[in-house]
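Chain nomenclature is as follows: A, B and C, assigned in order of appearance, with residue numbering initiated at 1 for each chain independently.
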Amino acid sequence: MLDFTIILQSLDYLGTFAFGVSGAMVAVRKQMDVFGVVVLAMVTAIGGGTVRDLLLARTPNFWIEDPTYIYLAIIAGLIPFIAYHAVERGLTALIFFDAVGLGAFTVIGAWLGIEAEVAGVAVVVLATLTGIGGGIMRDVLAREVPIVLREEIYASASIVGATVFLFAIRGGLPVDAAAPVTVVLVVVIRMLSHAYEWQLPHPKHTRPRMRE
Amino acid sequence: MLDFTIILQSLDYLGTFAFGVSGAMVAVRKQMDVFGVVVLAMVTAIGGGTVRDLLLARTPNFWIEDPTYIYLAIIAGLIPFIAYHAVERGLTALIFFDAVGLGAFTVIGAWLGIEAEVAGVAVVVLATLTGIGGGIMRDVLAREVPIVLREEIYASASIVGATVFLFAIRGGLPVDAAAPVTVVLVVVIRMLSHAYEWQLPHPKHTRPRMRE
Amino acid sequence: MLDFTIILQSLDYLGTFAFGVSGAMVAVRKQMDVFGVVVLAMVTAIGGGTVRDLLLARTPNFWIEDPTYIYLAIIAGLIPFIAYHAVERGLTALIFFDAVGLGAFTVIGAWLGIEAEVAGVAVVVLATLTGIGGGIMRDVLAREVPIVLREEIYASASIVGATVFLFAIRGGLPVDAAAPVTVVLVVVIRMLSHAYEWQLPHPKHTRPRMRE
């Protein structure tokens, strides 16, 4: 999909795989059948990039152009179906790969936005959407309030990464340098926030008094 | 929408109507008002094809090009609103027409994918999305875990149909022959699985131990 | 986005802001963190127009072309986060601005549909989708059955407005006259229905007997 670096392509495949496993884990916990598990894996893995490509009018989109993404998501989806507890025991590894995917997806989304010459704030929106869109769809389909809207520094890592990447490119840094630095930054923020349970501020004094 | 056969066009209208009734039935059970019932009918009837047309960048999409689909969905939506129990008594007929719609939608989605010359696996994804996308949106709006992700051979019938259709076309079968055969195949799988309560395998040993 | 009238543009910004506040109010009640609150504000404010632009293949879409919309939604989202109870006390004002936004969004959606020369019923669908799409997405993400599908004359105000606007334009009325009249009409219907708790008819006799 991107030819500026083989490494980013590899991280993108890795992230697709990790996102697919993450989607399938949720589906297995929800007692879905094998089809539901694979669908949730696919939605999680390719949902964010699909919406990004729609918004940027990129035709054909990335998984129609390169069906490897579909195959990766399907294979990833079958793993928790077959070996749920093995994946659960390797949860830290999964969270790490998921963070790598988040970083790679963020960079790719930001880069495609920059190439399309959209405004800076739209670049950040598109990058974050690429990073977290699939996870939001996963949680909607599984009837959870999307976890990225509730807890943990997850989307925030993507926003910070996208913003840093944007300013780096605008500042003249070559993409070959800005991309890996951003991926590492996103992974570090995500893993530290996970380890130390950082949270964003929540609103205070919000006992509901009315219904809208 | 497709001119290769009047029959497929008719089945497509019939399926739109059946999907609309199915969406409205869910809305009525959820105590929605008349507007909600019609919206859920429309989403169920034209949601899958709309996403497919977006992904294939088909402009204008099928219901903008031929508003008959909108009218059919609206009329279908009003029926359960007016005569819920009559529809309920005719449930087997509804399931049959719904199966016909699933078959027709699957064939149309697959055919448009083949015409757009996308990879085989993407053809199957687009066909299945056309067949089940509306039902997933219906269940998300009605706050159900999408039924196609949980139970029954529904999406699977669409996947099998799309795969058979794809290989038939690639094997040189004319579309006029492959299309009706596929529709019949999907209907038979769906009705048999409904009658005998076939299920896809579910994962085992999934007592949840963690939260993601 | 539209140059036929500065007033409509202003109402559109105002509506975006009001929709953003409305989305953030829901998010605060759901105990989302600051990121979730801003995301829900953005989705509510720009979701409907985004889907409309996708369906009409308008590229770039309105918030990529004019990022003011994104900034307005973000700022709007921060207000309930900081001052939830102040917004709650000003609820009637919020409902009024929200109605203005509904009117403005309806007119803009209808106008873009008319310009694209789609069929009348599709104009109404696109206009209503622009008006209520964001609110539906807000409720799906917050795990509510979308309020516009359940209660109150909300979507109906949009449908009536879109239909009146369509016939006014087809009848030869200049858009500079039809647009403000329609906005006022939508606001009046919405505020009266809110004040007097009008409801659309609900279906009767719907004790559920079956599961689909």
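What we mean here is this: a contact is a pair of C-beta atoms (placed from the backbone, for glycine too) under 8 Å apart; a residue touches a chain by one contact, two chains touch by 3 or more.
Here the structure is a predicted model, which is why all the values come from computation and not from measurement.
Summary of the copy comparison: rotating subunit A onto subunit B for the best CA superposition needs 120 degrees, to the nearest 5.
Two copies of one chain, subunit B and subunit C, form a contact in which under half of the residue numbers belong to both partners.
Spacing of subunit B relative to subunit C, judged by their CA centroids, is 29 angstrom. Multi-chain contact residues of subunit A, defined as those touching 2 or more other chains: 54, 57, 140, 143. Note for the complex: subunit B touches subunit A at residues 54-55, 57, 116, 118-122, 125, 136, 140, 143-146, 148-151, 155-156, 159, 199-203, 205-206, 208-210, 212.
Of all the residues in subunit A, the ones that touch subunit B in their complex are 22, 25-37, 39-40, 42, 50, 54, 57, 59-61, 63-64, 67, 70-71, 80-81, 84-85, 88, 91, 140-143, 147.
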